[in-house]
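Take a look at the structures listed below.
In what comes next, subunit A is part of two complexes: it sits with subunit B in the first one and with subunit C in the second one.
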Partner chain A sequence: MLTVLISTIVLAIVGLALGLLIGFAAKKFDVEVDPRVESVQELLPGANCGGCGYAGCADFASAIIHQNADPSNCNSVSSEALKKIGLIAGHEITVRERKVAVVFCSGSYSHTSHHEEYNGIMDCRSASLVGDGDKECHYGCLGYGSCARVCKSGAIEIRDRLAFVHPELCIGCGRCTQVCPRKLIRLVPITAKVHIYCSSLNKPLKKRASCMNPCLACKKCARTDSSAVVIQPNLLQINYSNPPAPDFPERVKCPTGVLATAEQHLKLELLPANCTCGKETKKK
Partner chain B sequence: MDFHTLLLVTVGAILVNNVVLSRILGICPFLGVSKKIETALGMSGAVVFVMTLASFVTALFNRFLIATKFKVNGQEIDLSFTRILLFIVVIAALVQIVEIIMKKFTPSLYVALGIYLPLITTNCAVLGAAEMNADEGRSILASTLFGFSTGAGFGLALLLFASLRERLAASRTPKAMEGPAIALVTAGILALAFMGFSGLVK
Partner chain C sequence: MSLTNFKIWHFRGGVHPYDGKELSNQVPAQYAPLLEKYYVVLRQNIGKPPKLIVEKGQHVAKGQKIAEADGFVSAPLHAPTSGTVGDVADIPGANGPNVPAIEIIADGKDEWDTGLEPIKDWRQADITDLRHRIAEAGIVGMGGAAFPCHIKLTPPIEKIIDTLILNGAECEPYLTADHRLMLERTKAVLEGAAIAAKILNVERILLGIEDNKPDAIEALNKLADQYGVTVVPLPVRYPQGGEKQLIYALTGRCVMTGGLPMDVGCVVQNVGSCAAIYDAVAEGHPLIERYTTITGTPVVNPSTWIVRIGTPVREALGFAGGTKSHAAKLIMGGPMMGFAQMTLDVTVTKNTSGILLLSAKETGAYTSDPCIRCGRCVDNCPMHLQPGSISVMVESEHFHEAEHLNVMDCMECGVCAYVCPAKRPLVQHFRRAKSEIIAERQAAKAKAAMKHS
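And now, the complex of A and B:
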């Protein structure tokens, strides 16, 4: 009984002494932290994506306060939070439009023709070095998921060897745009719902031979609404300074289905290949 | 304490009785922070630092508080059963104090060790090293050296494992074996390889 009592007392004393020591050390060696840094950090998204160029949200918050970094370098912070950060830090805030990443390619594995098999490291950067990848289209998505692996918010899905960005998950940090060896991923304004999912600059005939859903530059969309698209030699693009409404694809009825909203683009990959426009010329 | 014994303690702790691979302690950070060599390096540094310090301080406590037999009312009091409790409290408090002091005087080191320092506060490998010291009845110097060597052994295992896993990440793994599964199998094979050292120190 005495042992129990003594050991309890000893442990209590040691605990108390150490506790006091910690308390003393915390007071004595206190580092003054600017309270503004903490409140700015709370307003930042906390994803630590690194899109702003700093090591994380905490680092960025201290850079905003101490080095006058521009808070709008963060792509995923909401405009209300941006205003509050501006009030705290005393900066002029220019509200920037939110952006999301889009993979401009529709060439999933079953919708494209390929040359050799690739058996190397399962990474797009490696695959693009070896014989230019296994898909025939030089501009197509390699589909080995380099972008999906760098994505911190898990917004990129690889389906049938084609990368797809889920816009509702994307925070627009832009890491994927840097890692893609083919530069197929670009950041576009979130207000644009319709995209032309093709990046190939090949001639239309060559595109038909290698892919079932290319942009054949038929200009059907331009005839429907000339202000909605930008006409380029072998490839049309959505005019992102004046993006068309989400019902644009229904009005156009793009023959290859490459002009689509994100949802339609996903469905295109799920359906069995029902588009015949590229089929006759596919395997000769 | 001669040089020979100290050398045996060092080699034994790093290679023969490696804390992770043959004693199976500290598996959580071993699996958790071994995906990249960079983070593994940071963790190893923090573990070596904390383990050395903790071994030293717990050896002091062991020597002057627990191992001392004192008498109350003619009855001898043996406090050795409170050892684990005491060591946990001491190690946790120690890491806290070191962290506070480090934040004040060496902010760069504080940033470099970052999250790893508080993470290993309650790591079983640190407590294990302190316990082994007490079990073996080592002197304070030998205990400190043992703590350092055990930390170095942990670092060695972690770095080896991290470099293996970096290679694994780029290679094809069967779907069912991806991630932790293949990591655990690799850890097992690595542990088997370390068994080869078992005849080195008697």
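And now, the complex of A and C:
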């Protein structure tokens, strides 16, 4: 009986002493957490993608409050949340449009002509060091999937050695844009539904010889709506400050099908090579 | 000079692959016929690419300068034949990405006009003049690295150089270009070496040569005394001709991590570079052609050719009679360190020592497996690295770890990949790591420069 009593008393005393110690330590070494950081963190997507340049969403939230970081550096946060973050942090927020990644290439393996077979490391950056890949076009997608491997939201699909982005899955973190050795992937406003899926600056005839779906710079789209596209040497690009409506491809009827919406581009293999303005596509 | 008591050191690791030299080592080198078009790649040297000084449509003479050195670490280019300058367009490069190249359309006259006077009595000539001549002739390290030659011959004043080493080892299997060169142009090689020695003011000239070239050793020995060169036959072991391995083999000196041969008092020159130095100084000819072995089992007449810089590989293979059986792989350089090519449109550059075709039996596709940690690569690495561990780091993109494991010391000799039972593409991993680390260093440098300004 005595043993039980003694041990109870001793434990009670020890418990009390440690409790006081913890209480004291909690008061003494208290780190004041800014409640704003917590509420900002709750508004951030929590994907910890690292696209903003910070270690994760918590780090970014604290940077927003303490280091005046720009909240719109987060590509995946919604505009309402961005406004709320602005109110909390007291920043002037310019609401930036959400962006998604687009791979500007339509050169799948069966639609392009290629050099000899490459059987080294299946990684775009390694392959670009050896003969610069096996596709003849030196601007196009290498198709070894470096971008797909870094994508945390699984938005990039490699099909027939060509990378496709599913815009509904893309959170716009921009990691893929950094790993692509050809710099083919760019972030564009999500409101732009139509893209010209080509990056080659080769002359049209050369493009035609190496790919079934290049932008031949025929300027048919520019004639349909000159404000919708930007004309570059041997290549046209969508004017992303004034993106055309999703029915633009129907109106233009691009001869190579390279001007397309994301949905149409995803069905690329169904596209016929129906352009007759170039010479016959050579295929091995 | 007597070779008794000459101590040869044995470097660590290395392999002894089938050398395939009997295919072409008995065939005398021939001058390649004149072609209609040459494509001279603009960037043929380590450092800055030279600046183009000719225009489209301009007529150039054989040996006329078409691009001049841009900065100190740069080498000029010369027209391989007389003719008209064509377009500057991108062509496939031997080392990977496309590279700009100047098209020279031959006029068939092949007339020299170099603007370089031969310096016949080079023994009396001023050292600065000789150095200047070597720089003007566009000579780069012809063993493969393509480091501008005049820089090697201009060591900083605080470095004391006491040995000039001539690299005639030619340890790469299949290649016989240096072998034929030493045999046929013995005098040029040795005299070029003597010129280099005069510039460096060294007495001791050692020529390292693997003992599988007895005829070349004999030829060299006949003339070597005259030029103060000691010919040292070395055992056949790849990579005997690696710069650091050769220095160790001949002098027992070790070049430390990140160091240069001049840190241990040595300057290494390829025998091809020596012959080019002789041509530039005594003949007044810039570097526009080189000995190149065109070989491999599928080639009809494996042989060594004196081809002009800018010759497309497609044509070069034609010199040797084309192919008699299916070739599975085209390699620029030797099988160990050369670069596999995707297309026949690549051209011969100043460092192309060989064009090699391999049959499907000799090469062929394979799948690589995970590292089984057998350690054979570590046993055989002549640079004392741990290739297996480094490759694992690179695969998981931990380039900093790879840097700590001294991946930058790797000379890409390919011994590790040769011995690897899991057939891992180790060298490709290291090249990736090196390119990433160099890019990162340059970015850091640019950032620092931005901060300063």
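As a working rule, the second predicted complex is superposed on the first by the 239 of 284 C-alpha atoms of A that agree within 3 Å, B and C clash if a C-alpha of one lies under 4 Å from a C-alpha of the other, contacts with A are read in each partner's own complex, and residues count from 1 in each chain.
The rule is short, and it goes like this: contacts are C-beta pairs under 8 Å (C-beta built on N, C-alpha and C of every residue); 3 or more make two chains touch, one makes a residue touch a chain.
For clarity, every value in this text was computed on a predicted model and none was experimentally measured.
After overlaying the two complexes on the shared chain, residue contacts for A:His138 are found with subunit C alone; subunit B is out of touch. In the superposition on chain A, A:Gly46 makes contact with neither subunit B nor subunit C. Shared-chain residue A:Ile121: touches subunit B and subunit C both. Using the contact criterion defined above for the overlaid structures, shared-chain residue A:Ala26 touches subunit B, although it does not reach subunit C.
Looking at the shared chain after the overlay, A:Leu129 reaches subunit C, while subunit B stays out of its contact range. Contact with neither subunit B nor subunit C is seen for A:Pro35 once the two complexes are overlaid on the shared chain.
With the contact threshold set out at the top, residues 121, 123 of subunit A are in contact with subunit B in one structure and with subunit C in the other.
Subunit A meets subunit C in the complex at residues 115-121, 123, 125-126, 128-134, 138.
By the touch rule above, subunit C contacts subunit A in their complex via residues 90, 92-93, 96-98, 330, 339-343, 365-366, 425, 428-429, 431-432, 435-436. Subunit A contributes residues 2-3, 6-7, 10-11, 14-15, 18-19, 21-22, 25-26, 29-31, 121-123 to its touches with subunit B in the complex. The part of subunit B that touches subunit A in the complex is made up of residues 65, 72-73, 75, 77-79, 81-82, 85-86, 89-90, 93, 96-97, 100-101, 103-105, 107, 170-172.
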